[in-house]
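Both complexes shown next keep chain A, but they swap its partner, so chain B is in the first and chain C is in the second.
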Partner chain A sequence: MTFALKELLYKMADDQLILGHRNSEWTGMGPLLEEDIAFSSMAQDKVGQSLALYTLLHKLGESDPDTMAFTRNANQFHNCILVELPNQEYDFSLIRHFLFDTAEALRFEALTHSSYEPLAQLAQKIRGELRYHTLHANTWIKQLGTATPESISRLQHSLELALPYALGIFEPSPYEAELMAAGIFEGEQALQDKWLVRIESICRQTSLVLPDLKVVTPVLGGRTGKHSEHLQPLLDEMSEVFRIDPGAEW
Partner chain B sequence: MNSLDPRVNRLPEINEPVSPKAPLDQFGTFEVFVQPKEGKPFQHEGIVHAPNLELAYVLAKEAFTRRFTCTSLYVVDTRDVFISPMTEGDKNTYDYIQEPPEKADIGSSFEIYHLAKRGKQHVHAGTVQAGTPQQAMAQARQQFKTDKVIYNVWAIETDKIRFTTAEEKELWLTLPEKKFRDASDYKGGDKLKEFLEKMIK
Partner chain C sequence: MAYSREEIFKILEEVKDPEIPVLSLVDLGVITEVTIEDSNVLVKMTPTFVGCPAMDYMRQEVENALMLQGLTPRVEITFEKPWSSELISEKGKAALKKYGLAPPPSNKIFTDLEILETAICPRCNGTHTELKSPFGPTLCRSLYYCHSCQEAFEQFKPL
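After this line comes the complex of A and B, so read on.
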């Protein structure tokens, strides 16, 4: 059981850390001062949430959070590939933010009922942050998804690009049945079904066309450490300062 | 007033009649009001630029309520804020508000804000019922004018405001734990002292 639980915590923590780092690359370069602040702040929230999850893992016997975040190689990370993809244009980051954060908010919402008490408590605690993240994502998607031909076509292009990777969020775990039986987590399939309903309902309020998921091939592998070429450079940059003096106190 | 410094040109004129507050340049501006604690009045915090009211709310949340405690937030289009003449010294702005010619009829509700000290924020004084912003100002004079000098009054139609909903109150749930976002939380002086002591030894 501990093994199954750790797998769940690792993939969640790694998702938050890697996307938090990616999104923080926009700091100082956002399209609008206020948006720069908001997006950076949410990136900071994500890194904070990853710390909370790594701390749970630490209590289950894993290394301390800094060691886990800064010393593993790409093939030891369990994040989905969606979160490690480079930022490209802002429309891609917004679409990723929308697709990922919707799933993330639903995952934590389900975990508020988890039989693993520390995780249920964490999910309760951060629900306000997640509410903001989805409010922010939905508002931008509704705005830009109805604004001008350029904004709509940019979002549509990014949506089609990101969707196969977004399905990788729900890559099934070998421990699904075990987690469900123990009442820890409802499982990836149930989560994906709820996610699709939310995504569809927002897209319907815009001019965006959500491709039929039956013809989209999910990009999997992230959960078992098979990543794109983009993750290792991210990790190298993220841990650059840490590696100068791993024992330093900040 | 005409100056090469745009900030000087944006300073409000004295003794102008009741008029809408002028927006700044760039994207449209929206005024942000924050309630720092439960039971405290809302106060004006500043502006955000945004393409519409809903996005203004979203952006204002992080721009203005990242650090200090907050229980609620609202935004309104700058063009929906009506302002009285700005006064100074012992001149009360309420004495310069003209009685509107038309009689007060069926009302909308208006939020009234007071500037009690030049350079400070406008603070919520109360709500009045009126037909127009001008009537709202006159109504505010009746209800809220005291011996205390008020330098500026704002009237905002309540229906034009994007309020925080009951469920959205949880947006600020983890804020009290984020003291590290405050510069004062980083004890730089202590760390320096500790470092210097270590160096001397």
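After this line comes the complex of A and C, so read on.
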């Protein structure tokens, strides 16, 4: 059971850390000041949430959070590929934020009922914070998804680009049945079903057309350490200062 | 001599939120439990936001305040009783307003984030206000604009 639980915690922690890092790349670069602040704040939330999840893993016998965050190679990370993709233009970052955070908010909502009490307590906390992230995403998707032909076509293009990777969020773990039987987590399929309902309901309020998921081939592999060429450079940059002096006191 | 729970809280009243120096950690609601055994004091704290960067600093300040009284503190950070803005005391809310930060609206009426669309201006008490961004200069604040007094202001986020 511990393997199943650890696998779940690792993928969630790694998702939060890597997307947190990508969000932080908008600091000083946002298209307007409020968006600069928003992506920076969400970065801070997500990195903080990853720390709390790594701390749970540490209590289960894994290394300390800094060692886990800064010394693993790309093939040891369990994040989905969606979160490691470069930010590209703002429209892509926004679509990714919408697709990922909707799933993440639902994941933590489900985990508030987890039989693993420390995770249920943390989920209760994080769930409230993520409401601000989904509020932010939904507001902008609704606004820019109905604004001008350019904003709509940019978002539509990014939506089609991101969707196969977004389906990779729900790549099943080898422990699905075990997690469900133990009441730890409801499973990736149940999560994806709920996610689709939410995504559809927001898209319907815009001029965006959600492609039929039956014809979209999911990009998988992230959960088992098979990543795109973009993850290792991100990790190299993220851990650069740490590696100069791993024993430094901050 | 052994301190009572009330006396420990009195000491902790002096420890302020480093980002909002008018608000004590007790009024902020982040001190969730105090257990005393002779001169040993166990303080349980919980962050306002999981990613709050001031947590380590606040833990240190709590330890310092108790050590100054000759006590042996141990601070534990836990999510057993997660923080919500409902835990800010009435005294704390008044201090926030005086400081120029709109206090969070009560959770009881906070069922949907639509509540965020308007806030009461802490300067002129105007209600003709507009949410500019749910994210502000710290994780726990949002940005607003007041159309009555034409000033920007911040609100402590309801959570």
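Some observations on this one:
One rule holds in what follows: the second predicted complex is superposed on the first by the 250 of 250 C-alpha atoms of A that agree within 3 Å, B and C clash if a C-alpha of one lies under 4 Å from a C-alpha of the other, contacts with A are read in each partner's own complex, and residues count from 1 in each chain.
The criterion applied here is as follows: contacts are C-beta pairs under 8 Å (C-beta built on N, C-alpha and C of every residue); 3 or more make two chains touch, one makes a residue touch a chain.
Small disclaimer: the values here were computed from a predicted structure and weren't measured.
Following the overlay on chain A, a clash is recorded for the pair chain B and chain C.
Contact with both chain B and chain C is seen for A:Gly128 once the two complexes are overlaid on the shared chain. In the overlay built on the shared chain, the residue A:Glu34 is in contact with chain B and with chain C.
In the superposed model, A:Trp140 makes contact with chain B only, not with chain C. Touch criterion not met for A:Cys203: it reaches neither chain B nor chain C.
Using the contact criterion defined above for the overlaid structures, shared-chain residue A:Leu51 touches chain C, although it does not reach chain B.
Clashing C-alpha atoms with chain C appear in a single stretch of chain B, chosen from 3-11, 21-29 or 75-83: 75-83.
Residues 34, 37-38, 41-42, 125-126, 128-129, 131-132, 135-136 of chain A lie in contact with chain B in one complex and with chain C in the other. Across the complex, chain C meets chain A through its residues 49-53, 79-80, 82-84, 113, 116, 132-137, 139, 143, 157, 159.
Contact residues of chain A toward chain C in the complex are 34, 37-38, 40-42, 44-49, 51-52, 118, 121-122, 124-126, 128-129, 131-132, 135-136. Residue ranges on chain A touching chain B, taken from their complex, read 32-35, 37-38, 41-42, 125-129, 131-132, 135-136, 139-140, 143, 147. Across the interface of their complex, chain A is touched by residues 27, 48-52, 54-55, 58-63, 66, 167-168, 170-174 of chain B.
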